[in-house]
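As written, the chains take the letters A, B, C and D, and residue 1 is the first residue of each chain.
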Amino acid sequence: MKKMGGNGFNNNNDNFDFGGAGLDTGLHEECGVFGIAGMPENPGAGPDADAAVCAYMGLFALQHRGQEACGIAVNDAGVISCRKGQGLLTDIFNEKNLQKLKGASAIGHVRYSTTGDSLAENAQPIAVSHMKGNLAIAHNGNLVNADALREEIELGGGIFHGTGDSEIIAYTIVRERIHSASIEEAVLKAMRRIKGAYSLLAMSPRKLIAARDPNGFRPLSIGMAGGKYIFASETCAIDAVGGAYLRDVEPGEVVVIEDGKLISIDSGLPVKKSFCSFEFIYFSRPDSIIGGIGVDWARREMGRALARENSVPADIVVAVPDSGLSAARGYSEESGLPNVMGLVKNRYIGRTFIQPTQGAREREVRLKLNPLSANVKGKRVVLIDDSIVRGTTSARIVSALREAGAAEVHLRSSAPPFRFPCYFGTDVPDQDALIAVGHTEKELAEMLGADSVGFLSDVSLSRILEGAGCPICKACFTGDYPIERPQSADKNIFQKPIRNL
Amino acid sequence: MKKMGGNGFNNNNDNFDFGGAGLDTGLHEECGVFGIAGMPENPGAGPDADAAVCAYMGLFALQHRGQEACGIAVNDAGVISCRKGQGLLTDIFNEKNLQKLKGASAIGHVRYSTTGDSLAENAQPIAVSHMKGNLAIAHNGNLVNADALREEIELGGGIFHGTGDSEIIAYTIVRERIHSASIEEAVLKAMRRIKGAYSLLAMSPRKLIAARDPNGFRPLSIGMAGGKYIFASETCAIDAVGGAYLRDVEPGEVVVIEDGKLISIDSGLPVKKSFCSFEFIYFSRPDSIIGGIGVDWARREMGRALARENSVPADIVVAVPDSGLSAARGYSEESGLPNVMGLVKNRYIGRTFIQPTQGAREREVRLKLNPLSANVKGKRVVLIDDSIVRGTTSARIVSALREAGAAEVHLRSSAPPFRFPCYFGTDVPDQDALIAVGHTEKELAEMLGADSVGFLSDVSLSRILEGAGCPICKACFTGDYPIERPQSADKNIFQKPIRNL
Amino acid sequence: MKKMGGNGFNNNNDNFDFGGAGLDTGLHEECGVFGIAGMPENPGAGPDADAAVCAYMGLFALQHRGQEACGIAVNDAGVISCRKGQGLLTDIFNEKNLQKLKGASAIGHVRYSTTGDSLAENAQPIAVSHMKGNLAIAHNGNLVNADALREEIELGGGIFHGTGDSEIIAYTIVRERIHSASIEEAVLKAMRRIKGAYSLLAMSPRKLIAARDPNGFRPLSIGMAGGKYIFASETCAIDAVGGAYLRDVEPGEVVVIEDGKLISIDSGLPVKKSFCSFEFIYFSRPDSIIGGIGVDWARREMGRALARENSVPADIVVAVPDSGLSAARGYSEESGLPNVMGLVKNRYIGRTFIQPTQGAREREVRLKLNPLSANVKGKRVVLIDDSIVRGTTSARIVSALREAGAAEVHLRSSAPPFRFPCYFGTDVPDQDALIAVGHTEKELAEMLGADSVGFLSDVSLSRILEGAGCPICKACFTGDYPIERPQSADKNIFQKPIRNL
Amino acid sequence: MKKMGGNGFNNNNDNFDFGGAGLDTGLHEECGVFGIAGMPENPGAGPDADAAVCAYMGLFALQHRGQEACGIAVNDAGVISCRKGQGLLTDIFNEKNLQKLKGASAIGHVRYSTTGDSLAENAQPIAVSHMKGNLAIAHNGNLVNADALREEIELGGGIFHGTGDSEIIAYTIVRERIHSASIEEAVLKAMRRIKGAYSLLAMSPRKLIAARDPNGFRPLSIGMAGGKYIFASETCAIDAVGGAYLRDVEPGEVVVIEDGKLISIDSGLPVKKSFCSFEFIYFSRPDSIIGGIGVDWARREMGRALARENSVPADIVVAVPDSGLSAARGYSEESGLPNVMGLVKNRYIGRTFIQPTQGAREREVRLKLNPLSANVKGKRVVLIDDSIVRGTTSARIVSALREAGAAEVHLRSSAPPFRFPCYFGTDVPDQDALIAVGHTEKELAEMLGADSVGFLSDVSLSRILEGAGCPICKACFTGDYPIERPQSADKNIFQKPIRNL
């Protein structure tokens, strides 16, 4: 998680975000999907442009979920056109090419690679034609039986252009489609075959279908704007197009929009809600609502619990911007310590490059995140970050605060310690890169140069989120996986014999 | 044929080439393929760089065959990497990205669309993975049973990312591969299924395979450089990498390069040589050798025959550069009339744009092709072009020469009149756009503003080429097709439900 | 002020920043300068790269001061090379072209146009050659006698390539240089002739000179890194290159760096300190220190004073991010009201485009700044912005908060009302566009849709800043100009007869 | 001369042109100017677009004269706007930015550097403002007293942004303008001060002025299109905009276009016509007419004379395309030997890159210029090139022809041997790089691997051109300079203290 946005110079960065364009609000990586079915009838009231512009705006609000690639597919009376590429939305789309994406419905995607290389071929949506028409697919998540499905498809003479899950999902749906009466029937049948995490949008000539795996690992919300239905990974995208949030797609549910009407179908698959807790901790925007829970609220509660569990005598609370801002506020409220601007983030950092010398790398953190000396000098600082993964950046921030005169630096993570790999869409590094593996908090403090290090307990995490009605997956903290892991524990077993650059 | 190179302003141009980069040597459109198997052992003697650079250089010599898209796939010990895109080679490749295309073997493609839209998805090579490995495919030509094959593949659950023939060929080979002992066996089996024109290169983890349809519609030559085998659409590409021309791949032959050795396999399909006569007339570079016949020689012979068949009292011979240069030389030699530079071509024209007003369009020909007044003033001109298709450009050139003072302008085409569509890879416009359909030479002269119009007879064309040992297809002139045409006479029956822009 | 970063779609935006790349920390526009004299001796300790990379990093920290154009000039043993262009630093510079900017000293500039059109010709630094050598110039500020100087130079046969002040300054220095023993003597003489605001860097073959006008309108600080001297508009740029802040260049002072030594020269001009108060309110980064005063501290004090002067019964304080963050914190601390995240800013907004329809424009604010409903619903909100200029954006934010459920919205500006034009480098719109002109706070509340509107008093502003030792210019609030205004009250009298696009 | 168009890989190329876009018609480098005064009244008849589009089209026909940089300045009721940059016209201009260049008059320039570095600052036109208005300048040529003029201007306090002559010319005109009643009077006065070669266009708010130095080194023709006057370096540019050629600007003449009327003014400077013979040999397009002499005609005459002076028993004549085409035709006509296509040029070569290994460089000539083996095998070849400068490329072509089977290769140059530097705008390399210096034809044959080498005599050159009424400068062949050379024989004495990249 928290991989950098493709500029390549910060391979060993850690739990602090530089952003694809050097900018985010403590929210990052993963993929984001957006769909809109049909055109608004009253332009003034809602989306006043065609579906592609709507998708562009919605994806824009989801850009923090993926800066590596993006794409939009539109459906114009059955003809599906698709544009995608590697880069930010503003790199791939402009007024001219959006205008060419004519169509009444659209699905879109922003990508941060979790499976597959950073290859052109893996950008989404994918648009394919098949016996009964055509189909565009965009999804967020990670299949755990991708290899087996791929092998089976290949045995049937299938060919793959890329290495991502979306092509496997498309094949699986298409193969079921041949023997199905409708596309939604094919999706339902396919859901019995694909295992893992998926929040899926599928656009056929006449329908827009949303489906969520029975664990509901990844978010997928339903909204309405201008009388038309919207699907989005986060509610902030519904806000961005002036829409209203209705509800989430339920785990195991298939939602079909046809002729402007919403039909809900229960897949019948056994549901075991296991929402990714890291969505609350880090991925999602603070203004999004997931499962009825506000993300900012959840983070503040984490900060509050952290203050209760891991209090330390100190003078001020300092957030690592932007991902630690909400938790720091909670910590401050609970502890009574003033919440102070102690680090200033350079908002233009994203696309810069730094010479890869040791000296430059040391100064990198200073260029991106400058301590506000006047506020920290002589102070005992509680430094709040959302999580600690590799620890390299944490160490640099601690060191920068000390150079700026902080008397003590107590590092607190609003997430429990990361100790286990994720197979459901969060890109956790190998275990040997996880600093929390095999180290006590005291050892970590020494390694990171902090006076103390503390984490939110996974018990508190559960209490906050499950207490508010959202059963979570916290396997990356506990190793307790809600579904079977891939047969091979190695995430990279898949031999990638082709690379479309 | 002779569509313009994508700049879009010359939709109604005719038999005179502006070129993708505004430049060519009377050679144009269609696709070009290039392949090299293995690395040179002695860098000084031949290709001194890796396979990708070799392919780049070879394709560079074939750029006149397609300016719309291009790509190179390399094979690095079984891992196939591919880069492709829409544009000229110099748009898509640079030193940096070529260096990333590591590999000992390579295949490449330059594309001029004859089937499928001008879409990103249709660029070649295509690189796919399948049950028994991976495969890259590049081909030149046009299948006549593409629709039937596609339908069959879709019935088996296949999905298509694009609309071109190459994906169909790949599928067909892969499906045969499952039940075949080797990739070449799969290619041979696939050849029994695919009908039409194809000069095909297929690269598997260990082999490079070349195959040519049993009619041998499109060229494919074999060369050697630095001890390694080369395949190229034209011999000029073998020259470009410092190689030596060995022979052509025979119609119906499959050539396999494995471990540095060449194995020839007879497909056993009934061979009926029908080489595209338009390759000699227009497509190929004058310095290429096809079937043992030099292109420049053939064109000069056409010019000579034209002089004999269509002589007219005149003072000078003027070629439309560059495609009419060789024929004009032959006409001059045979007629004894001096061959004069009467039109000067602007070599920078390719990428310019002209405002689409009537006045500008009228002046367009002047910007691209300026009459050399001093040489034509008061002269009776025999104007030699390679062919007359729509006639619009011919009319403008005739008019420009008259304005420059030519006393008479006698237009002569070194090709017979175009009257029938081509289904084998030459992009002939619809019949109602073909000016020669339904008009006598006298009527054509009036329509084009010329004092007379004359064509090479198809009898002479056959005499020259078949007399030199190359049985030809001249269906576009005679309507006599060497193989069955597609069931649907309409080339555009295929409904394209997806468009990857 | 607060013009948008060149994307052109937000002409009528107001007091809320979208940023050149959609991102800033409540800091904006104006120009920024950076200079470094000589190379570091011990690379590990400080700038480990050449002067150009140092300048790039320093300017990067100043990017918020100008996103329109940028440039760097280097001095390599007397040869001055300059690269500049329109765009962000990351648009103009890359590793390759920075490497070509060899040199031991450098000056750089980021530009937000205050004088002159947005033309290529007006990018800085300007590098010129003259009788006694060559010279590069970069400055921040605005001359008030530019027209008179220009006329005089033209009378002497001078020609101008652009419309900016820097060319006038260069000419003035060069003309004095002819009759001066040294470049610094020429600068001192030129300072007697140029009137207005300027923080100037001049690089000659052997010297780097910094000069500040006798009012000290614009900031200019001195630092040291790796044993070499640095000049920068803000101290955050000194931090960015790992340097230490020494002091500011004094109003009326000329500082010369030669052979690694710093020489201070008093210009002898009558000093009347009048530092731009808007630097504290808006322009500068919160982690910068100006005249010994921390910007974040000053803003918090403004927020505190605002709470005392303009208290209102409310439930929460909400900042307009990022420019209102510090003041909101101060207001919260003083009032005791909780400081809540009520608006979330999209960090990717900078380079997007929105269709210019009415509906889209209405939704623009929502795309860029999304209310966090859960936090504001049913609450009486004190909304803190740094200033209110045109009022259009303020009105939209107020409206968005109401839609999100806020019970009351009380808008508070940490700056006094804007009522007068600035002639010293702040780009204030025409008076008739200033919403505060001729309206009471009550009227403003109605116009902006707020329950109440309040401003910091200019008395408090003076008390805070002058009390901390920094005499300020607050002419834009009071109309009390510290020096004579331009003869023509119209800022745009200069006829621009040439435009280098 | 014959430097390559900026692709940098062919530093040591010689007398064979690869072109900026890899394409030309035996015409190259130097600069080209184009001007149009006022708008056409009847769009159908002539230029149907605004002045900028006209200039674009005219410059397009002059692109062979310079591929390094280009620019257009337009005059819109006194406001002069200018766009320029480094690259081809198609790199710098597009429909959108041409539309922004509104104006009734325009001047434009294509640049091949002869003085000054390849720097952004040296692109033309230059547009400046001065006491009495504004002025845009574009010129072709080279001043011989540039250093003295520059020094004098600098003594008066002048500053220079670039290193080219155009800024010196602009200053000189502007300084005279102060004391002159009109811009044309200022131009006339300036002409008394500037020495050397210049074909100059100057655009003031109300006038378009053309001036040519009293030697008339460089061409400048007058045309008319749509009732408006045109100036162009070559008549092919007048053709390109549908105009009619009227006459040349005479050496020492100043032509003023004001209110649609042409006024001719004799500068009174002593005229000594010395037209650059290399314009006929190489620079100009074959369809241009200079001083009433057709370029193709002149080249054919040179070829004829060459055949008479340097006959050799042979079988065929082969031209080096494109620059040797016309001369080869003349040689063929005179000698009776058939003129055969023996070398085929790749029209796409311009923008490619080749890895700079020895092997690649050896093969470079093969990639760009492929021998047509069938035509040369076993033949005794007379190889006609326009000139032999460094000899490196000649050697490679000779070698390539031998490899292709030529029995003998006799190299003939339609120019006399290059032995002396040019100070008037032709970029001749240093004398020690000129292969003809100090070597007999026999030695040259050995050095170049040819069976014999022969040149046109300078006596014949004079006879042809002066006999047709055009007194020429042939100093590069004879060392007999028509005007005094620069005081310093070294062309590079000017120390360039600034470089605007």
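The rule is short, and it goes like this: a contact is a pair of C-beta atoms (placed from the backbone, for glycine too) under 8 Å apart; a residue touches a chain by one contact, two chains touch by 3 or more.
The shown structure was predicted, so the numbers you read here are calculated from the model rather than taken from an experiment.
The greatest centre-to-centre distance from chain C, using averaged C-alpha positions, is reached by B.
Our note on geometry: chain A versus chain C, Cα centroid distance of 36 Å, whole angstroms. Look at where the CA atoms of chain C average out and do the same for chain D: the two points lie 48 Å apart.
Computed from the mean C-alpha positions, the centre of chain B lies at a distance of 59 Å from the centre of chain C. Within chain D, no positions touching two or more other chains are listed.
According to the touch criterion at the top of this document, the contacting chain pairs are A-B, A-C, B-D, C-D. The residues of chain B lying in touch with chain A in their complex are 78-84, 97, 100-101, 126-131, 133-136, 151, 153-161, 163, 170-171, 174-175, 178, 205, 496-501.
Taken together, the chain B residues at the contact with chain D in this complex read 19-25, 43-44, 46-49, 53, 57, 60-61, 63-64, 88-90, 94-95, 236, 239-242, 285-287, 289, 294, 296-297, 322, 325-326, 329, 333, 338-339, 341, 344-355, 357-360, 362-363, 366-367, 370-375.
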